[in-house]
Each structure stands twice: as structure tokens, then as C-alpha cells.
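Below are the C-alpha cells for one structure; questions will follow.
The letters A, B, C and D name the chains in turn, as written, and every chain counts its residues from 1.
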Amino acid sequence: MSDRAAPEPPARLTRWEQRTEVPLFLAGLLFLTGYAVRVLTPHEAEPWNDLALTLVWSTWLLFLVDYVARLRLSGLGARFPRVHLLDTVVLLLPLLRPLRMVQVYQAVQRRHDRPRLNLYARVMAYAGITVGLLGLAASLAVYHLEHRAPDASIRTFGDAVWWACATLTTVGYGDATPVTFWGRVVAAGLMACGLALLGAVTGSFSSWLIQVFAREDEKRPPERG
Amino acid sequence: MSDRAAPEPPARLTRWEQRTEVPLFLAGLLFLTGYAVRVLTPHEAEPWNDLALTLVWSTWLLFLVDYVARLRLSGLGARFPRVHLLDTVVLLLPLLRPLRMVQVYQAVQRRHDRPRLNLYARVMAYAGITVGLLGLAASLAVYHLEHRAPDASIRTFGDAVWWACATLTTVGYGDATPVTFWGRVVAAGLMACGLALLGAVTGSFSSWLIQVFAREDEKRPPERG
Amino acid sequence: MSDRAAPEPPARLTRWEQRTEVPLFLAGLLFLTGYAVRVLTPHEAEPWNDLALTLVWSTWLLFLVDYVARLRLSGLGARFPRVHLLDTVVLLLPLLRPLRMVQVYQAVQRRHDRPRLNLYARVMAYAGITVGLLGLAASLAVYHLEHRAPDASIRTFGDAVWWACATLTTVGYGDATPVTFWGRVVAAGLMACGLALLGAVTGSFSSWLIQVFAREDEKRPPERG
Amino acid sequence: MSDRAAPEPPARLTRWEQRTEVPLFLAGLLFLTGYAVRVLTPHEAEPWNDLALTLVWSTWLLFLVDYVARLRLSGLGARFPRVHLLDTVVLLLPLLRPLRMVQVYQAVQRRHDRPRLNLYARVMAYAGITVGLLGLAASLAVYHLEHRAPDASIRTFGDAVWWACATLTTVGYGDATPVTFWGRVVAAGLMACGLALLGAVTGSFSSWLIQVFAREDEKRPPERG
């Protein structure tokens, strides 16, 4: 959001962003896959683990190259990290990459000219997919941090996904909760991001439903206010 | 919602849908009843159980016939399952049938011309009934899947209903939670559907209340902004 | 809400309602007080308990008289219980009386002409007070039903109030939960009513805050969109 | 909000408030820091503890001076505490000071003329910071009240922060909950304030997201409704 208050970016930066957005999103998915394999397979499973590690580091290198390129093209110099705060955070924590989904979505839209979804459907689709990817990333991270802790209630990856579902929907049964410091930090981050995004899904669905019922009203003469 | 982006359906399909909507909704209630009897009575209770099983299968056959008929009438061929995704999911999981309630509601409205409820009241009624039916279906399914699991906290149908209430309202006490894999899958589905629908109930109620208080303002001259 | 779809009530009924609304609300508070004394004092505490019981029954008689009077004045006959469904429910469960608060609020407003609160403030005040009274009534009822149950986690009235807070805000810690059938029925009712009302509080507060920040915008020339 | 219904304050009071708002906010942060040091260090840690106690009392004296000055300047006399209810509560419970953030925000805005954030971003920033400060204050207070109670589940300051996160987002795992009377009173206050503020954050984010997607629509000719 701080991006919006900044002056208009130069044309070369805009072009760079439009061209790299989709490849970078795919790189983000590869990063997530690599991290998933690394976390979910035992450390002795040699070939897979090495491959996953290579994937994680090479995609991260790609993110770094993109960040430096954009820093150069923007002409902002040392002010870039502060103005593009979200990008800086996402570089340091690539698991948060789904948060940049709006840009990806817009880049995809710009290319294809197929009949588009209704406004609320688009918001729901965007927020829903972002929540899903964030929840998956948080499940992996929490499983990674928790499953060997003494007194942990999250012992399998299934538990971690179940915990993420209960947390994102704010149900919070409490049958599986993080107990380590870093596990709780990840959980607090998931609550903060997830809540706002899920609120967007719920709000859009509600608005869409009211719109559907209101449209039906227009078709026939109203009988009472 | 994907239905809305599709081209206008042919007139014969529309007529078919208008005519079958209410019978199919009643068949859906019969399916739910059959499933309930099957789940809640002991397996040895011969006459009831057989009747219930027959009911479940015969209503499902009806859904299949309807699905095939609409696939034919739509003229979409193999693209039908993808375009009418919700219908396909509902065919495979008939317990989700309540999600098609909007159509039923509209079909009923089209027939009767009695004074209708206020917009927000209609959204609340629709979303409330859908949530109720979904909650009931989820309670039955979770009871079915959980009540014999070791370490289960959902042991009676009452527990399952209590769990569904606490989950749909996102209270989530955690005194009764699913512990099996499939029980948790059903729970995650209930959270996702229920949240959005309950958000619609809450949002409509809030809008209705503001409307009531605002209308009262119009009746007398305002004293301050 | 079903009241709104009904034809305009006769003038005599309207006059009756305007005149009795506030006395009946006070009677409702007396009923709540009587019930509270009855539930919270030990049964042997003779003078208080008898007084409380008298209070409960005499106020309930008042409600019955009002209901019959309105049934007569409305000219609806046997259709009255169905059209005025909320009133019928409130007669049978006087602890739900706070739900009729909108009418009380409007009756009070009609009398006094003092500078009134902002629209959102009014909705918040109304919904907040209703939630508070409902929460209090539910705490009393749940304490009444639970405190002697074996394995109960709600043992004192303080526990019951704490449970009601955690339930109404959908936090749901689960450290105090009803375990009896009727306790859970009351809890489910509280969740359903409370959620919608609290959603109205939250929604109004949010709208009010946005209004305050937007008004500030109008005062000075905008610098960017 | 009751402030809004009051007659326009005299010019001298307005000037006083504009000038003292930011210093008082900083004093509020000092108060919080002093309280934090007092609560988090052992009582024997002489120099720090004495300094913290001095800080707490001297900043509170400042609040008292400001309150009396405003009472005088307002010309309301004994009606001041009732009209400015929020200010009176904040004087007695300085940990609630963050609730006065709107005024601080407006005072800061009035001074600087830098390009401002979008409406929704401002509401989110304001509500987010207020929630953060309230959560921190509540964590300190609950840790203070709970950590020595028998059977307490909140034993470290980390537990208290974790509890505050789970409470504010209404997740409510229940793995850490207050057990003392005053701890529960603080918790109930946090739920009430936090819920409304977090609803504002969520609502604004949702509105902002819909705005972003809607703006994109305006840029290109719509293909379907």
C-alpha cells in the first residue's frame, strides 16, 4: 500500500515488472515445492533432499536478481527498500510470496482477453488462492519448527494443515497449537495476514449474494419497499 | 459463480431447471433423511436400515438422471462438468446439495406472487437455511466417521451437532473435535462453506439494522449531522 | 422481520405498543433481576427466594396480559402468533426479551427530543446493550443448568459470565463449556443471536471510523486519489 | 462518540488539545515503557524498578494536569467527566491511552503536509497500531496479574503475548487463558475493544481490495456485467 503513495515508477521498471511477474510467480511455486520436499522428506533421503535444497537456493537467487534489477531500474537508490517495503519483506521471507498475488493476477489479466469474472468473484478468487498458498506455507514452516519439540501437539504434516485450517478460519479448537517460540511467531503472522484476506473472501461473498438477490428485484416490479 | 461467466443457457435447459428444481430439492431432503436414518440407527435394525439405503440410492439415481438430462440439453457436451463445476461436485457429494438453494429459492419465488420479504431478510433466510442444512449434513457425516474412532471426542450425534454449532460460529471450544483424517476433511469443508455463508447472514443483519435506524431518521428532521 | 411484511397494524394497537413498551421493558429487567436472585441465592434463603419467585411470575403474568391485549387489538385472531413470531417466542422465553429492544429504543426516542447520537453510534448502542442483556440472561441460565452437573466446567456464576464473554466474541477458549443438553441448547441460541448482533456492533464501528476519516478528507483539498 | 454529540468546544480548549496531543501520546508510550519495566523485571532489581515507578507516576501526574486543564478550559465544570467519558476512563486506566489515537493521528496530520495514504490505508494503519498497543498493554497487565496464580497457564510474558494474539484474532486456542478474576476482566475488555478495532482493519482491507479490483475495471471497457 505504501507503493501507491510513491511517485509513478519509470516506464522501464513497469515493463520489467510486467514481463517478470509470471515467471517469478512460477519460481515462487518452485520455491514452495522445494521447501516442501526438504521439510517433508527425512534428511537422509539423499537425492531428493539435495535437489530440493538446490531448488530453494536457485529460486531465491532469482528473487535476489529481480530485486536488484528493480532497485536499479526504479532510480530510487537506497530509498527503494523503504518505499517497496512489501517486496523487501518478501525477499527475506520468500514463503510470503503469495502476498504479491495481486500483481500476478493483473499481469495475467493484461495478457489474456477472455471473458472475465464478476468483480466480487475476482476478489474471492484472488483472496482465496492467496490464503490457500499462505496457509500451505505456514503449515510447512510450523511443521518444520514444531514436529521435534518436546510436548508438541503438531507432530505430523496432517496436524499442521489441520491447525492452519482452524487458525485461518479463527475457529481455533486448540487441539493442535504451536509451542515453540518461532512456531508461535509464524502462527501470529498467519493470523494477521489470514484474517484480513479471509475477511475479504467473506465480505465479497456476502456482497455478491446481496447483489444476486437485488438483481432479481430489478427484474420484476417491487411490491413493497 | 463460474456459471455466470458461461454463455446464456438454451431455453429448453432453463425450462427443465425451473421445473425440476423443487422436486430435486425435496429429493435432496429425502436423501438427507435416508442418510440420517442409516447413520443413526444400529446396523442390525433391519427394516429401517434397508429402507434408508434404498432411499439414499434411489434419490441419488434421480440426481444422476437430472445431471445427464441437463448435460444433454445444455449442448455443452464434455465441457459441461467443467462449466457447471458446482453441479458436478454436488452430484458426487449429495450432502452438499443445500449449496444449490439459491436456484430453489428463485424457482419458488417465480411461482408464488405473495408479498415478498425485504432484500436483507431474503439473504438472511437463504443463507441461514443453507447453513442449517449444511451443518446438519456435516454433523451426520462427522458422527458417521468419528464415533467409533479410538480417542474420539465426538461419540454421540448430540456431540456432533454441538461440534457443528461451535465450528460454524467459529467459536471452536475444542471440547469436541474430529480426530480422523476424513472427519477433519469434512470439518475443513464445513469451515470454508459455513464461514462465507454465516458472514452473509451477519452482514445482512447488520445492513438491515442500519437501514431500520436510518429510515427512522428520514421521518423526522435531522438535528445534527 | 416477519412483522415488516405484515399489513399496517391498526392505530389502537400502535398506540398500545407505544404506551406499554417502556413499562414492559422495565418489567423485563425486573424479571431478569428476579430470575438472577432465584438462581444465585441458595434455595433455603427463604425471604429473598420467595420474593424473587413472586417477581418472576407476576412480571410474566404482565407479559401474558400484554400479549393477549395485542392479540385482540391487532384483529388478526389465530394468525397473530404466526405473524408476530418474535413476540410469541419472547412470551415463552422471557429471557429473550432484550431482543425487542429496537421497539423500546424507538419508543424512548419518540418521547425525548434531545440531540441524538450519530446513526452508527445508535446502532452500536442498541446492539451493544442487547448483546449485554442477552449475555447476562444466558450466563444466568447456563449457571442454573450447569453448576450441579457432574464433570461441569462452569461451577460458579463468574465462570458462566466468563464463558458468555468468550462465546459472544467467538474467541471460545474452551476452558469453560456447557456439558448438559439444555446448557448446550442455550449456548447454541446465544451463539446464533450474539453473533449477528455483535457483527452489527463491529460493522457499525468500522463504518463510523471510515466516516470519521473520510470527513477529515473533505475539509482539506485532496492531494492524491 | 459522546464527545461528538456535545456542543462545539471553546477555541482555547481546541488549541490546548492540538498542542498537547503529541506530547501526551509520547508520555503515554513512556507510561507503557515504565509499566513494562516494572512488571517484567524482578522486584529486587533496584535501580531499574525505582526509575520505572518514577516514570509511571510522573507521566500519570502529567495526564492528571492535562485533564484538569481541559476541565477548566472547557467551561463544562462538573459535567466534564460525563461528557468526556472516554477521557475520564483513560485517566483512570492509562493503559487504555491508545484508544485516543484518532486525535493523535489527526494532530500529526494537521502539522505535516506530506502526501497522505489512501482512506482505507489510513483506517487500517490507525486501527492496526491501536490494536497493537492495546494488545501490548493487555499482555503486560495479564502477565502482571496471572504469572503467580496457582494453576495459571500464563506463566511467562511470551505466553501473555501469545494469549493476546489468539484473543484479538478471536482464534482462542485455550492453551493459555487467564484464571484470576482481574485477569479475566482485562481479557473481557481486550475482547470488546480489540474485536471492534480488528473488525475495522479487516473491513477496510476488504474495501480497499475491492476498490483496487474495481479501479482496474474502469481502465478497460467492460466485456460483461
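Convention: a residue touches a chain if its C-beta (ideal position, glycine included) is under 8 Å from a C-beta of that chain, and two chains touch if they have at least 3 such contacts.
Note that this is a predicted model, so its numbers are computed, not measured.
Engineer: Name the pair in A-C, A-B or B-D that forms the same interface as A-D; by residue number, over half of the contact pairs must coincide.
Structural biologist: A-B
Engineer: Return the chain pair with more inter-chain C-beta contacts, choosing between A-C and B-C.
Structural biologist: Answer by contact count: B-C.
Engineer: Averaged over CA atoms, how far is the centre of subunit B from the centre of subunit C? Could you give it in whole Å?
Structural biologist: Whole-Å distance between the two chain centres: 29.
Engineer: In whole angstrom, what separates the CA-based centres of subunit A and subunit C?
Structural biologist: 42
Engineer: Taking each residue of subunit B in turn, which ones touch at least two of the other chains?
Structural biologist: 5, 115-116, 118, 166, 170-174, 203, 207, 224 - these are the residues of subunit B that touch more than one other chain.
Engineer: So in the complex, which bits of subunit A are touching subunit C?
Structural biologist: The touching residues are 5, 170-174, 224.
Engineer: Which positions of subunit B touch subunit C when the two form their complex?
Structural biologist: Listed in rising order, the residues of subunit B that touch subunit C are 115-118, 121, 124, 158, 162, 165-166, 169-175, 198, 201-203, 205-210, 212-214, 216-217, 223-225.
Engineer: Touching subunit A in the complex: which residues of subunit B?
Structural biologist: Contacts found on subunit B: 1-2, 4-5, 102, 106, 109, 115-116, 118-120, 122-123, 126-127, 166-167, 170-174, 177, 179, 181, 184, 187-188, 191-192, 195-197, 199-200, 203-204, 207.
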